[in-house]
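Handing you this structure, nothing more for now.
Naming follows writing order (A, B, C, D and E), and every chain is counted from residue 1.
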Amino acid sequence: MTNGITTAVTAPPSDITKRSLPASVAIHTLLILGSLLMLYPLLWMVSASVRPENEIFSSTSLIPSSIDFSSYLRGWTGLDITFGRFFWNSLVISILTVIGNVVACSLAAYAFARLHFAGRNFWFAIMLGTLMIPYHVTLIPQYVLFLNLGWVNTILPLVVPKFLASDAFFIFLMVQFFRGIPRELDEAAMMDGCSAWRIYWKIMLPLSLPVLATAAIFSFIWTWDDFFGPLIYLNDMNTYTIQLGLRTFVDSTSASDWGGLFAMSTLTLVPVFLFFLFFQRLLIEGIATTGMKR
Amino acid sequence: ADARLRLLWWGSQPRADRTNKVSQLYQTKNAGTSITGEFLGWGDYWPRLATQVAGRNAPDVIQMDYRYIVEYARRGALAPLESYMPSKLNLGDFDPAQIEGGSVDGHFYGVSLGANAASTVLNTTAFQEAGVDLPTQATTWEEFGKIGAEITKAGKRKGFFGFADGSGNEPLLENYLRQRGKALYTADSKIAFGAEEVSEWFDMWSKFREANACVPPDVQALYKDTIDTSPLTLGKAAADYAHSNQFVGFQAISKDKLALTNYMRIKPDSKGGHYRKPSMFFSVSSQSKVLDQAVDYVNFFVTNPDAALALDVERGIPESKAMRDVVAAKLDETGKVPLNYVSGLGDLAGKLPPPPPSGAGEGQVVLRTIAEQVAFGQLSPSDGGKQLVDEISRLLAKG
Amino acid sequence: MATSVVLQKVEKRYGALDVIHGIDLKIDPGEFAVFVGPSGCGKSTLLRMIAGLEEITGGALLLDNERMNEVAPAKRGIAMVFQSYALYPHMSVYKNLAFGLETAGYKKTEIQPKVKRAAEILQIEKLLERKPKALSGGQRQRVAIGRAIVREPRIFLFDEPLSNLDAELRVQMRVEISRLHRSLGNTMIYVTHDQVEAMTMADKIVVLNAGRIEQIGAPLDLYNNPTNRFVAGFIGSPKMNFLQARVEQTGEAETTIAVCGNSVRLPRRLKAEAGQSVTFGIRPEHLSVLENSGITLATVNIDLVENLGGATMLYAKTPDGQQMTIALDGQQKVERGTNVKASFDPARCHVFDASGAAI
Amino acid sequence: MSDVMRTTAPDAIKSEYGAATQGRFKRLWTANAPGYLFLLPWLIGFFGLTLGPAVISLYLSFTDFDMIQSAEWVGAANYVRIATADPKFAAAMKVTLTYVVLSVPFKLTFALLVAMALNKGVRGLPLYRAIFYLPSLLGGSVAIAVLWRQLFAGDGLVNAALAHFGIEGPSWISHPSYSIYTLVALSVWQFGSPMIIFLAGLRQIPTDMYEAASLDGASKFRQFYKITLPLLTPVIFFNAVVQTIDAFKAFTPAFIISGGTGGPINSTLFYTLYLYQEAFGNFRMGYASALAWILVLIIAIFTAFSFLTSRYWVHYDD
Amino acid sequence: MATSVVLQKVEKRYGALDVIHGIDLKIDPGEFAVFVGPSGCGKSTLLRMIAGLEEITGGALLLDNERMNEVAPAKRGIAMVFQSYALYPHMSVYKNLAFGLETAGYKKTEIQPKVKRAAEILQIEKLLERKPKALSGGQRQRVAIGRAIVREPRIFLFDEPLSNLDAELRVQMRVEISRLHRSLGNTMIYVTHDQVEAMTMADKIVVLNAGRIEQIGAPLDLYNNPTNRFVAGFIGSPKMNFLQARVEQTGEAETTIAVCGNSVRLPRRLKAEAGQSVTFGIRPEHLSVLENSGITLATVNIDLVENLGGATMLYAKTPDGQQMTIALDGQQKVERGTNVKASFDPARCHVFDASGAAI
């Protein structure tokens, strides 16, 4: 990658001031149009959540014939366990996953990106290989494994692997970014007497804040949205995540609570959206241009 | 004795509420037994069950579908229950045909939780708007085709057609074959129909399509075997085909008033196409460590009047006559529709077919695919018939 | 207890490219060694190998007589100022300075005075809270120096540490580094392109050229007695004038050579034979245009006059068309195109044979 | 992938075994220990959690395994059948390849363009960024299925828009000739993750590169083409590799949109969907495992190829 | 057709920090202007504002009398050598050099000779295929210069372009840049810390201090007639000596001041009154230790002797404890701790009032 750190960040203020009015209008128009395209699902979902149940599927209009917020109450309390519980469960798993992924994957990525050891390329290839196996076929052996460990019906199978860097995606991602950090900074740190650990902790991590934020965002959102893992490993409704909760609203073969589903789906988006808004600041604020001669 | 029972079923919250109520009742009567129930939607249910069974961690009581019971029973995942009858599992006032429905290879694996019958769901409001009379028990496919074309032609709603395209619908085809004295499969797992019957079947549907009596193929292809994707629900057609116990689900997400009727006759005097089908079973896992308790629970589930009251007809009409009577008294308007429908089938109903062979599930997929190929014009009806017979024969041979 | 640095046949290859060709060098404990040489000759590479940042392709590096080739940089006890600064962009200046100390496990209370002192020396006290990106080039360079000097390592390596500083600051920093050297007594290795720095700071100057050592010696030694033409040209600025010459007559205590069309008598013996082609070298500052100030070399024609305020440079052509630079004191009014008589101090001239060796 | 990590070894870690006082073991230890220590969590996870199941699934691919009865060794029979007697395999492969070839380039291009637009100093940027990420927030939720129908069914928004131009479109999503493209569209629409990664990558490009280029007279476009793109290649490479792997493994979109059928007429029968049907629908886990490993092989070949070519177009500065 | 550069009350603020405080400056078409000033005084910032890389917080920039504040850098027709080089890391040296030309739409066949010529001038022909990371510091700097000089822009901006080069190369590059200036006739603005570069290359030197202009003038003008103490101290190296003094007696053509305990008569009029405290300034090179070489200033005690080969620096203390530097020609044998009599040329001394202005 580039040899500057830069993660420069706040685009020069001149970028804002310099643009002429028409250009600015054009850009915003484009962005707003794009936004509408992107917002459509949200709008639709919100509208589905407040419209009468029997209109949800037969009408394509965004505007409901009448507005009714009862789906929210029904959705929240309609299951044996209230949605608050599911939110909490999802939150616990997601946050643990974020921590696990960021910590464990960055350790492995640092080893791959910067340290020299025999067999590095081999392990790197293996690591990439784990990215390629469809999970459906390892599901059952893995289930048996966790069952024997007594972990089924706990969050351990969903969380522990993350602390063991099971997500090769993030390792690979971080490797690519770590390689963009000028090696001279490592060298400077070595001269300052740093061990590999300290370089990782004090130089690598702070300088790769944007990618760590990226990993955090993805970890959180993907875990939040994941249902297959929870579906297999969480049996007791008390341990259900949001997504499992949502899916219990609908059974395609019998009467389902579609209104509740869309109401809760909408609510479900709130935490992820907030998480995203919060962490994307790190994406943007990052670090500044380096004190380096190139 | 102290026992922990695990239950697993598919369904949504209303079904769970009812089931949990039964479990409560059971627990108050059997102190020391604790019951945990897990439920999931249909789509999620099967992978989880398969995983748990494969991991030797199957729940004790498993809700089973007619389609899968053979697969699980033949592989030894389910416990044969005949030895518990009648003392521990008292199904005395069950329709014998239903006991048979829960049997595979001479062993009894599944206690039917309700009866069901294939049916046509009608949007009566749409019929009214179009000024067309509802089909009756006597209506033939030919007449139905005309009805459909009329509704389409009336054009009261945008993009609205007479009825859904049922050419790829297995129960519908089965009904058609049975009216012709054939069936889908023989008791010894062979194909029980020939190419010409299916060719004619496909041909009939092609004509409906040409006449705009049914929805065009691209609309029909939206249908994913779920209530919410039915052309009826989506407001594309005035009639679709479903199991009678799904009626409540259909009605809930439809603005219009719905009704149930039978599948059309092929000739005014043909009969015996329909049958009362177990809507779902409770089976007991062969891995269960508390077999007796599980059987006892199942017995309670289907024979206790309080339980029956709690369950209502949500899983179908109770098989036990006594329970049926208990329930019938308390049904609401919508709830009565399927009950009345099933009990009013008359000469349309025939014998329960033998349980489908393993591979039947794939057969269903093949039918759907070929029907779509015919509908989209990639295959002629006659080739479609031949291909279907070929492929299903091959599937069955493979076992 | 300073550390000795010994290089034994040290080589460096980048792929197929030989950059350092077997260097032997011994730097005594506590010595201040300055590496000079043309751009790209391998100075930084050498420093980086000593620091352990660059693998040593061949040969051995000994610190205090211990082989260090395989020892990790962090374990060598070396502080280094990088030519490219390599400041930590995410840390404030204070943090940049404190980082090495923190790493060494110093307490906050110990670190603060050290950092403050370094910041004072470097005149960057007001910048301590800034991040590197908000610093000017020279300020960054000072932080880079500071990062090394807050520590007390066995060896200091400086890679052109003052190149971006103004003259005054440069003098001050030079003095500070010398003072640091005196007070700590560490071994220091210093790369510079600045003649004044090299001459004033070094105990020992190592002249490098294309990955080889040309000469090692004390500053004045190199200035007065360069062993070859390269060193003669490299040490001293402006560069020594080299004029084609021929030996006319040799003697025990006197040699006559022909240069610029004149016969010039040098009051010393040359290891040369009559008729041999040689190069005559004389530094611009040892040429004069005053009458009676030595032996007349030639009457030269002035091409260009550069007036530096404190000195005046004359760029001239000899009668036989060779370039000659003359450095004069003060501001001299010499016109372009005029002729002047250039004379020189015969004790100050150098003669090189065809291979470039001083004779 | 042997030179993936080609680096200019900075330190003494890659050492020669000369006449040194240290023992051979100690040198091996100091050379390799830090790397393996950092890798330790991953190694534990790999050996403890990943390797076993992977090996078992590889073993299962040579068996007949219905998930309930114990597996029965059948040798290469599964592979032979895939190669010779499974028309659905070919169909699924074709669908998946189409999907990969179409969705990856479009998605990446789109993601990059939007990332570029969102990297500028526009007011309200965080909000725009979040909005553009929104589709990806929805992931594979049930709502997507309904929503996509709203867009691409016969009476959907797309046709409503086309109607303005007098075009009467079919029900795109359920037409065998077009359904795959609606899934490609879905994939492109959920461009959020590569976009975020691109954004992070753009942040790593030193601003003085642009300063230098603009003084060299380079237009914005030329700066993009000559500076941004080359300096972003590690991230582009990452996204391309990962998105391709993801596309090969794509399951959820087809599963939710086709309701797990892969229809109409297998036009959305993604490879992994087929694999899933075989495993969980038809109880042929052995066969499904064989399918999986063939997929792994295909992806691995592709990935290896990408890594091999990467040295010609990916710029690393380390 | 060269371009004029005019700054009108140009200001620069970084947040709350004022860096440039309203600078007025006019650089004539074709002029070679050199910016000098202490590290951090705002030279680079000024260049970057002219280039359009830094927003102008206040005031106006005119090129050829056209306001340029809002014009994009690419449209200003400027070439710049960055202090930080800013080489394109992904391009070979050749590509780095060719980039600007390619951008301008030159054909391959036109580009090649231009690049080759620049590479020859900069002595980097052998490096054309390398990527910047495989270059030494000085080589990188030369590529950075090359990138600017291959083009023919309206204005050249050089930000300390020679700081990492060795003395010889530096002289050569200096000559090349001057030659380029002569042949193209472009306006050039050049930042340097090197006195020699400033003195020899500039048509006009602009002395900056803390974001303000201290003086503008021709090189010798600044050297001989600094208008204030800052300029006096900044121009010339080693730095001018400043000694505390007091005016004793004023007259039309003569002033007596007390400095270092002596009364010294200066043969000129001062704008000062008797009794006023002033600063007496004398450059090291205008001090002498020879007898009879001017007015005796004081007997000073030698602290330190630096022998530079061509010159010798004496660092001494006056009887009243002030620092004094004396620059002597050649290699002088002066011992530390001895006393010498420092004398000076009264025509060469400067006197500043308490505000620092020359009087």
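Here is the rule we use: a contact is a pair of C-beta atoms (placed from the backbone, for glycine too) under 8 Å apart; a residue touches a chain by one contact, two chains touch by 3 or more.
Here's who's who by UniProt: A = Carbohydrate ABC transporter membrane protein 2, CUT1 family; C, E = Carbohydrate ABC transporter ATP-binding protein, CUT1 family; D = Carbohydrate ABC transporter membrane protein 1, CUT1 family.
Predicted, not measured: the structure shown is a model, and the values here were computed from it.
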Fill in: Intersection of the contact lists for chain A and chain E
C, D
Worksheet item: Farthest from chain C in C-alpha centre terms, which chain would that be?
Response: B
Discussion item. Between chain B and chain E, what distance separates the C-alpha centroids? Give it in angstrom.
Written reply: 93
Worksheet item: If you average the CA atoms of chain B and of chain D, how far apart do the two points sit, in angstrom?
Response: 39
Discussion item. So the centre of each chain is just the mean of its C-alpha atoms; given that, what is the distance between chain C and chain E in Å?
Written reply: 22
Worksheet, complete the sentence: In whole angstrom, the CA-centroid distance of chain C from chain D equals 55
Response to the item:
Residue ranges of chain E touching at least 2 other chains are 72, 84, 86-87, 89-90, 133, 137
Worksheet entry | Multi-partner residues of chain B (at least 2 other chains) | 43, 47, 54, 224-226, 228, 234
Worksheet entry | Touching two or more other chains - residue numbers and ranges from chain A | 2-3, 5-6, 8, 12-13, 56-57, 140, 182, 187, 190, 195, 227, 247, 250, 252, 289-290, 292-294
Item to complete: Name, in rising order, each residue of chain B that touches chain A in their complex.
Response: 6, 10-17, 20, 36, 38-44, 47-48, 51-52, 54-57, 224-228, 233-235, 243, 245-246, 248-249, 252-255, 314
Item to complete: State the interface residues of chain B toward chain D in the complex, per the touch definition above.
Response: 43, 46-47, 50, 53-54, 71-72, 75-77, 158-159, 216-222, 224-226, 228-229, 234, 359, 361-362, 365, 368-369, 372-373, 376, 378
Worksheet, complete the sentence: Within the complex, chain E is touched by chain C residues 14, 36-40, 43-45, 83-84, 134-139, 141-142, 159-160, 163-171, 193-196, 199-200, 219-220, 223-224, 233-239, 283, 285-286, 306-311, 313, 327, 329-331
Worksheet item: Can you name the residues of chain C that touch chain A in the complex?
Response: 48, 51-53, 72-74, 78-80, 82-91, 99-100, 103-104, 131-133, 135, 140, 143-144, 147-148, 151
Item to complete: Using the touch definition up top, name the residues of chain A that touch chain C in the complex.
Response: 5-6, 8, 182, 184-185, 187-195, 198, 202-203, 206-207, 287-294
